Structure formats: C-alpha cells, structure tokens
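Down below are the structures I want you to see.
What follows is a pair of complexes built around chain A, which joins chain B in one and chain C in the other.
Here is the complex of A and B:
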C-alpha cells in the first residue's frame, strides 16, 4: 500500500509541473498587453516600462517562468494588477465560498445520485428504474447555467422566496445558507446525473455476477445481499465521487457567474475581463493543484478499499 | 439452396448471418427512444441549416418599440428580445453557431485523438509514454475550467472557442483510443495476421482500425452533448461568439437581465441548448447499446 501511495505521489509531481507550464504558457501566448489595460491612457512610456519591470514582464519567457514558479513555491502568487492586493489573499477568500458551494452541492448530488442509482439497479426495468434513468439523462444534458436562471425566475422573481445574487455575507449563517440554496441546486444537477448512471451500472455489473446468485441461493436476507453488492461496487463509485467533487470546485465558474457567488469562479471571470494575469494564473493554478491532489487522495483511498488495485 | 430429396425439392432456409453493421442498424430501428431522439435531432439540424429560409424576420433587425414582447405576440409568436429582435428567427439562426461550435471540437478530437491514441497504443514504449504523460497533464484541470482558462487567455471569438474546446476533448479521445488499441493489439487474431505475413499497413487497416474505431466513435459521441453545453457556456460568459451574432449561449447571456420584465422569453435559448444536448446524449446511449460496446 505504502509503495503504491508513494509511487502515485511521485507521479503527481510531473503532472503538476506540466500543469504549471500550461498555465504559464496560455497566459503569455495570449494577445493583448496586460499592462496597457490597467495603465491610464495618458501614461508615459517611462511609466509603462517601470510597471512592466515591476511585474517582471520585461524578462525573456523562460526566465519569467522560473521566477514565477519559484515565487509560487513560496506561496507568493503575485499582486493583482487591478486591485494591487496579493493574489493569494483574493484566492483564499474566494476559495472559502467555492468550497462551501462544492461541499453542499456534492452532498445533494451524492446522496440523491447514490440512492437513485441503487434503486434503479435493484428495480431494473421497472418504473422506478425508468424514472431514475430519465432523471440521469436530464441531469447530464441540462446546461446548468440555464438551470440556474430558471431557478432564479421561479424562486426569486415569481415566488420571491430565495435571494438570486451574492452570498449575503453580512447576514450570518442562516442568510448565507439561504443564498447558498439556489446555486447548490443548479450545480448539483450534472453530478446527480453522472452519479446515478455510474452507480446504477456498477450495481448492475455486480448483481449479474455469480456470487450474488450464490448469496441469494444460500438464503441470505435481501439486506445482506444488498450490502455485499454495495461493498463490491464501492471502489468504482468512490472514483466517480472524487472526480465529481473536483469538478464541482473547479467547474463552478458558470454557476457562480449566474448567481454572482463570490467564489473562485467569479474571481476568475472577473480576472478574464480585466485581463488581470496574476489573478488568472493564481486561481487556475490553485484549482488545478487542488484537483491533482484530490485525484491522488481518491486513488490512494481506492487502493485501501480495494487492495487489488495497489498490486497492479 | 435447393436440395432434391426423393424426387421433391426442399428449400433450406439458410439466411447468411447478418453483418455487424446491419445488426447494429436492425437494433437501432427497434429502439423507440433512440429513433425519437434521432428524429428530433434531424429537425433541429434541419431548422439550423434552413434558418435563412425558415426565419420569418431578419435575426439582427430590432425595433425599440417591440422590446421584450411576450410569448404568443402576433407576428412574433416566440416573443422578442431586449432589442426587439424576433426570438424565433434568432433561435433558428443561433442553432447554426451553437451546433458548429459544439460539433467541430469533437470532430477534431476524434481525428487527432484517434491518430495519437492508436499510434501510442500500437507503437508502445517511449512514444507511448511521451504521448500519454503529456495527455495526463491536461487531466489536471476540470473540463469547464480548462475551456474557460484557454478561452479566457485567447480572448472571445468563434475560433478561440473551437481551439479551447478541441484542447479539452483531444486528451479524452487519446486515452480511450490508446486503451482500446492496447486491448485489441494483444488479441490472438493480430498475432495470427502477423504470423501469416501481413504487413503493418494491412494489420492497421484490416485488423486494428476496424476494431477500435467503433468504441472510439461511441466515446466521441458521448462528448458532443458536453461540448455543446460548454460551447454555449463560453458564449454565455462572453468568451464565445461576439454580438450581434445570434448564438444560444450569448442570447441567454444578453437576455438574462430581462427576466424581471419578461420571465419566460429569456429562458428559450436554454431550452434549445437543453433539447439539443439531450438528443445527442440519448442517441449516443442508443448507439452504444446497439453496437454492444460496454462503457
């Protein structure tokens, strides 16, 4: 197990370096001069040069990359061009809100998805199965940003029950949760569909195996057979849950944009339109690092649940 | 075939076994959900292609006096948008952009991903490692984040959307192509072909590609729906097609502010994205079942 965990950890290092290279490259291959966007129109050439120098934009690209990587390794993501605040502070503040949203929508999606998937598998071909499969298809097909707008139309505009914008950060926990409700529902739709499908097909695969027939044949309770099926389907389900949680955290940009939820996605969106390169790089880097570490954790957890994986 | 038995002629009923693709077609024709999805998709595509003929109004001509007309308004029965432009005409025209921006990246990924993945799987060794580890790097980003990050750096525009979405989908196709190639390569009929003197080109064409293209195609088809949602999502963020072009995601974005005036007309472009994405999902499910490919 430990050998597997360490090998898996070492494999994550080149992935992270590669990811940092991509992040650095995509921002610098981009057209448009980030300095021009933030300097006043009447700035002199000398002022522009001074600002460029201050941000290190006057050095050759490989040097800029190494400088940047070195600073990143020390937790210094630079300063925002637009607000002059350290990027790490902006990212930290927004990450809190994104984590809250990712956790709440994952709880909804995991609970409902696992339940629906198992129900569908154990009632294969019946009405409940058809219903669960229909919910799953809708879940993976719906544009979640549109679902968010529909939720706002129904629950904020028509019924006036729930707030449509922001996090209500000044109003205490109850107010925060009220603001969290609609984004949570919108963000949970896709993982709900994905998880229902995966759980259903994983459970069906196990149900089709001979040992399940043997368990029933020797007269075990339905409940006990159910437990065996779930236990055997667990590793596959666990992988999907881990991935989906990562998608919730890194993929909430659109939902955060719809609800003006002050998370990393909102920050990223803002950075894109202000062409605030340090913030853009910082957000993507932190989210990618988080995603890689999450996948790593899931792989190691999976090898704990299913020791056969580590032996391969 | 006729066999004479004791003076009388008995016709033996000997159907040749159905070919694989005929069997797939036979199963598809007996699957009502897939047929319905296929029919709806054909309508959507036809509507987009024929938009210039079908649209009752100029999609870009608006009238300030007719802003945000409700559903069912005479002459504009799907209402008008925030600039008084006919919604039906814009939805018809918008489908062209959304379908183009959603389908092209998957097509590009199918071609490029198959070439890279099959090459990596067939050659093995160092080239395999180089290709596959490079692809792994792209898995460090959730798809939505990668698409938005690339589009955000490149700036708005249809081309940039196509580039960023292709980058999202290529690594996925490569992974699938590589893994099926490795599986098929180790099967006995490949060794048999090699033993009987078939060249690499022949093995590639007749034995390998014939067996890996099906699963890769089915996988690519499952990605179309996500690609459409992402393509429209990028324009929704203002990173895709630029105004005043009609595109479903962009229409959803510009109409979003109007939900307090007219709640349901702004929701229409999303209905179009949803229906299109769902028909692609149902079709790819049906195709996978008919081709008996396990996910």
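Here is the complex of A and C:
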C-alpha cells in the first residue's frame, strides 16, 4: 500500500511539470503584449526593454519557462501586470473563496447525488427511480449560470431572502454562509445530475451480479446486502467524486461571474480579459496542482477500498 | 441651575443634530468596472475611475462644479485658489495654491506636493515616477511641459507655447501626498494606503471585491463635506448582477441598469436618473488601411446604422442618436453637410461609388470592443446590432471583445502596435467636455500616437490650422465658433462611425436623497444621503 502511494506521489511530479509546460506554452502562444498595460504610450524603446527585463519577458521562452518554474518552486508566482500585486496573494485570497464554494457545492451534490442514485438503483423502474432520473437529467441539462440568474431573481429580488452578489466578507461567518448559499446551489446542479446517474448505474451493475443474489439467497438482511453493493460500487463512484470536486474548483468561472463571487474563477476571467500572464499562469497552475492532488487522493482511497487496485 | 439645565439640553440637542448631519447612511455603489480602479492617484478604468476614485480620494488644482444638473459644469477653484496666464509670457501659467489644506495622512498640501505629483507623471527618471499612473493620464496632459515653484503656495506651469487649454488639462492631474509616498516608497503600497486631499478617504481595500471610504472630516471645503458616513464601491461588470444587487438591497446605486429593466425599476419605486452630457459612443476607424481608408465607405457605414432603433428599441430611450462628435444644440455642432440618418439604400449607393459590389466585396474589418466599462453603455448588444446593420449593406465586421481597461491600454498604444496590427477600429465612448478632449487629442496631426491618441491617424491640414487657432483663442465665443467649423469638417469626413449620445442612466434606491445628476461624466457624491 505504501509503495503504491509513494509511486503515485512520484508520478504526480512529472504530471505537474507537464501541466506547467502546457500552461506556460498556451498562455504565451496567445496573441497580445502584456507589457503595453504598464507603459506610457510615448515610452522609448529603452524603457520598454527595461520593463520587459523587469518582468523577465526579454528572455527566450524556454529560459522564461525555467525561470518561472524556479520561482514557482520557491513559492513565488510573480507579480500581476494589471495591479502589480504579488500573484500569490491574489491566488491565496481568491482560492479560499473558491475552496469554500467547491466544498459546499460538493457536499450538497455528493450527498444528494449518492442518495438519489442508490435510491433509484434499489427502486429500479418505480416512481422513485423515475423521479431521481428526472432530477439527474435536469441537473446535467440546466446551464449553471442560467440557474444562477433564476435563483437570484427568485431568492434575492422577489423574496429578498438571500444576497445576490459578493462574499459578504465584511460580516461574520453567518453572513458569509448566507452569501454562499445561492452560488452553492447553482454550482451543485451539474455534479448532482452526473453523480446520481453514475451511482445509479454503478449500483445497478453490482446488483445484477450473482454474488448479490447469493447474499440475498443466504438470507442476509437488506442492510448488509446494501453495504456490500455500496462497497463494490465505491471505487467507480470515488473516481467520479474526485473528478467532480476538481471541476467544482476549476469550473466555477461562470457562476462566480454571475454572483460576483471573488474566487479563482472570477480572477481567471479578469486575467484572461486583461491578458495578465502572471496571474493566468499562477491561477491555472494552482488549480492544476489541486486536480493532480485530488486524483492522487482518489487513487489512494480507491486502493484502500479495493486493495486489488494497488496490487495491479 | 435652570440655566445650566437649559444649556445642557441645548448642548445635547446640538450634538444630536450634529451627529445626524454627519451620519446620514452608508452609500453602496455598484460600478461597471471589473476591479477596483487604481487608487494610487492617476487612476485607470477611464472616467469611471475618475468618477468614483480619482475625484473622491484626490483633487486637482481646478475642479468641475458638479452641484447642478441644468448646465454644463463650469471649472471652479480646487486646490488652486486662482490661476492666470502671465502677461509677459503667455506660455506660462501661474497657480496660487490653497493654504491650510492637509492630506489624509496629516501632511500639508503645498507647492512641493504639486511638483511631486507632476513629476510622478512626467519625469521618467524621478524615483517617484509612476509608470502605470503616467500611462493612464499623460496623453491628457500634453500641454504641460514643465513646472517650477515660485513659493510654498505658488507654482508656475510652462506650456512651451501659448495655449488656452491648460485649465482643461489640469483637471485630470490629481495631487497625491509626497509624505505618504515617502513612507512606503512604492506605488502599489501607496495604492493600498492612498492619501489625497479629497472629500473621502480610504479605510479598506479588498481587491476585486470592495473599496470602503469614509468622509475626510478635515476637508477644506465645508460646503462639500460628505453627508454619508460611509461609502463602499463594488466592481460589478455584469449588468444583471448590478440590477439584482440593487433590487435586493445590497447596493443603493448602480451604474447603467439594463435598459429593459428600467420600467420595472421605476414601477418598484426605484429612481432612474438621467441627463444629457458630453458623451459620444463611436467606432473610431483606422484610416490608413482598407476598408476605412475610403471616405465613401466610412460615410456608407454611417448611413447604415439604425441609431433611432438602437436608442428606442434596444436602449429604451436611454440615448440620443448621434450624427457627429457633439449633439445638435451644442455650441460646437455647427452646420455639417452630412446628416447621418438610417438609409441603407444610400449606404449601398455610396459603396457602389467606392467601387465595391457583389463582384468586389468590401474587405472584412476587425473591431475591438469591450464587454462593459465607463460610458460604454451596453457594448455587446449594441455592437451586435451595428454588426447586423453593416452586414445588411455589405460591410462585414468581426467583433473582438476584451476587458474595458485592456481595450483602453491597447487603444493608447495605437493601431501600429504589434498587438493591434490586425484591427480596423475600436469601439470606445469619448467625452467632449472641453476642446482638447473633444477634438485636439483626436484630430490634430501633432496628437498622433505616441504623443496623444490620434490613433486613426486623422491628418487634415485645415483642421490642424483651426485647432491651433482655437488653442490660441482665449475668448470662449470665438473659440466655440472655430470648434463648430472643425466639427462640420469632421462630420463630413466621417473618421468615426457616430452612433449615440448616452443619457447616463443610474439606478438609485428610493433611500438615496440629495444627489444631483450633472451634465457630466463625473459626479459629486458629497451631497448624497441614504436614509
């Protein structure tokens, strides 16, 4: 088990380096001169060159990449071109908001999705199955930014129960949670649909296997049979949960834009339109690192649930 | 004893009234900007930056009087009590500075502070040169060549040649605290703890989220002492988010409510304030490249636009159709030969005259537009309609949306900058508050990038001559007549696609009182209260 975990951990290093290379190449291949933002229009060529040097844009791209990687290894993501703030500060501030949103929406989506999926599988063909499947279809079909606008109209504008925008960071925890509620609901819809469908399908696969029939024939309680089904479906479900959590963290750009939620999605959106290369690189790299770490965690959890995975 | 009780009671009452006079609520504003405008002095985000940050935290030597809505705002003394051109040398202006004014950090305002601020924009080798701030404002200050201190409260500005435009440029140079900069020695840190002399001072800065300000109780102008006890600015680039925030009571004021929401807002008791102001929403064309290097094609584009449809149907009467830089009735409008109405057939005829038709289509143009921004109204919806109008007469335009501040940055660099080589126009709203902003910076050959922002470039010796004449004319009526002649020439040359003059709609909560919507891009927030 430990050997497997260490091997997976070591494999994560080249994955991250590969991700950093792709991020760097994609950001730099896009058109646009980031230096223009900080230079007066009548700046001389010498001044432009000096500023390029200050940001490291005067070096060939492979050298720039190595310098950037070296700084990243020391926890320095550079400075924003648009605001001149250290990128690490912007990423840190926005990441805590995105993490809060990802965790809360995952809790809602995972809890409801697993519950509905199992219910649908154990009640296959009945009303509850159809209801759960309908919820799943709606979940995966409704664009979350549209759902966000509808939620705002109902709960903020009409009922005036919940705030429409921002994180309410001037208030306490209760105020923060109030602001978090609508973005959480909007962001949880798609994973709710996906997880419901995956859990239903995984549970049905297991239920169709002969050992389940044998367990029932042996007279085991429903609860025990249920436990065996869940345990056997767990590796597949875990994979989906891990991926979905990653999507929640990195895929909240539109929801954050609709709710003016000051997370990484909002920062990323701003950096794209501002062509702020250091911020773009920094945010995407941190999100990619989270994704790699999540996959690693899921792999290790899977091997705990099903030791055969580690042996293979 | 009775006298003592009476005096005490009066004192308590006075205290209560004094407190209520100061504490009249918390004003929360949803801006169109994507981030907090730069707070280090020479602000960014166009005039929205000046409106909510530049002119609230800081002040220039000369202010706009924004207290009335029934006239174009005149210039009034700001940090300078008076100013005049030297009789013996009309290329030098003397400014007498206001005494006993303090920055928010407690340090005194004086001639050294004015020179420090000037150098932060103009003197590249100064340790306090702010390259970012300079990039935002230097193109507005082209007449200001040098500065010298005559005494602690008098400065002299050198313009190189006589020019009447100096006061109109001085209004864009805000004065920052040298003491505060010397404390932090870095403009980024200064921007986080800014210090000006303006009516509001910053108490909290949360990037991308909010800027909190409180009244500057030491403000020198008692008539403009802020009435609210707190001001918070929120960046909200999404119009629907701004609307929802206003309707749910999270903010008290939003910029540019979506036009189709205006009847509902009014029906729900919200105030929607509007006023005409020197604004035009245009596409500034590139004149050294096809297709817009041909005057007939430019005129065709101007006849292809359904301005009335845009203002009436799309924007719910929140704009006036524009047929020139200025609107009809403005002293600079004059009598242009061309009156651009919606006439697709005339547009097609003009294209035919230019040699284009089914066998020879007009080359496709690429226009850079913004997603939101100060004075940009509803850029995405308006541009889609314009794209459709142009296509109907045979003019294909690709729209490239970028963030507002990015658009401004690319515009300042000009069409010749490597990033902008493939572009044929930018859609940016302009002001014509004064002659320099309205004409000088765009249409004089000496304003070609990088000196200023004649990006097209528009080169017309006759206009150059008239602009030089206007600049040397200190009599306003005579200057207006020259500017009207310039306007007639520019309308007939059509270097821009003229579209609309905004009416500057703002949505206000019924709780907001005392605010006067001026005929300006800027606002005076000091009179507003929130009950």
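The rule we apply is simple: the second predicted complex is superposed on the first by the 309 of 312 C-alpha atoms of A that agree within 3 Å, B and C clash if a C-alpha of one lies under 4 Å from a C-alpha of the other, contacts with A are read in each partner's own complex, and residues count from 1 in each chain.
The rule is short, and it goes like this: a residue touches a chain if its C-beta (ideal position, glycine included) is under 8 Å from a C-beta of that chain, and two chains touch if they have at least 3 such contacts.
What you are looking at is a predicted structure, and each value in this text was computed from that prediction instead of being measured.
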| item | value |
| --- | --- |
| Simultaneous placement of chain C and chain B on chain A, clash or fit | clash |
| First (chain B), second (chain C), both or neither touched by A:70 | neither |
| Touching partner for A:83 - first (chain B), second (chain C), both, neither | second |
| Which superposed partner A:163 touches (first chain B, second chain C, both, neither) | second |
| First, second, both or neither for A:273, with chain B first and chain C second | both |
| Which superposed partner A:93 touches (first chain B, second chain C, both, neither) | second |
| Touching partner for A:152 - first (chain B), second (chain C), both, neither | both |
| Partner chain(s) touched by A:18 [first = chain B, second = chain C, both, neither] | first |
| First, second, both or neither for A:257, with chain B first and chain C second | both |
| Colliding stretch - chain B into chain C, listed as 61-69, 97-105, 115-123 or 169-177 | 61-69 |
| Residues on chain A lying within both footprints (that of chain B and that of chain C) | 31-32, 149, 152-153, 157, 257-258, 273 |
| Touch list for chain A against partner chain C, complex | 31-33, 36-43, 47, 51, 82-85, 90, 93-94, 149, 152-153, 156-157, 160, 163-167, 169-170, 257-260, 262, 266-267, 270, 273-275 |
| Touching residues (chain side chain C, partner chain A) in the complex | 34-35, 124, 131-132, 134-135, 138-139, 187-188, 206-210, 212, 234-236, 238, 240-241, 244-245, 247-250, 371, 402-403, 405-406, 409-410, 412-414, 417-419, 449-451, 453 |
| Partner chain B, residues of chain A touching it in the complex | 14-16, 18-19, 21-23, 26-27, 29-32, 137-138, 140-147, 149-150, 152-153, 157-158, 201, 246-247, 249-251, 253-254, 257-258, 268-269, 271-273, 280, 284, 287-288, 291-292, 295 |
| Chain A partner contacts - residues on chain B that touch it in the complex | 133-134, 136-145, 148-150, 152-155, 225, 229, 232-233, 236-239, 249, 252, 256, 259-260, 263-264, 266-267, 269-271, 273-274, 277-278, 280-282, 285, 295 |
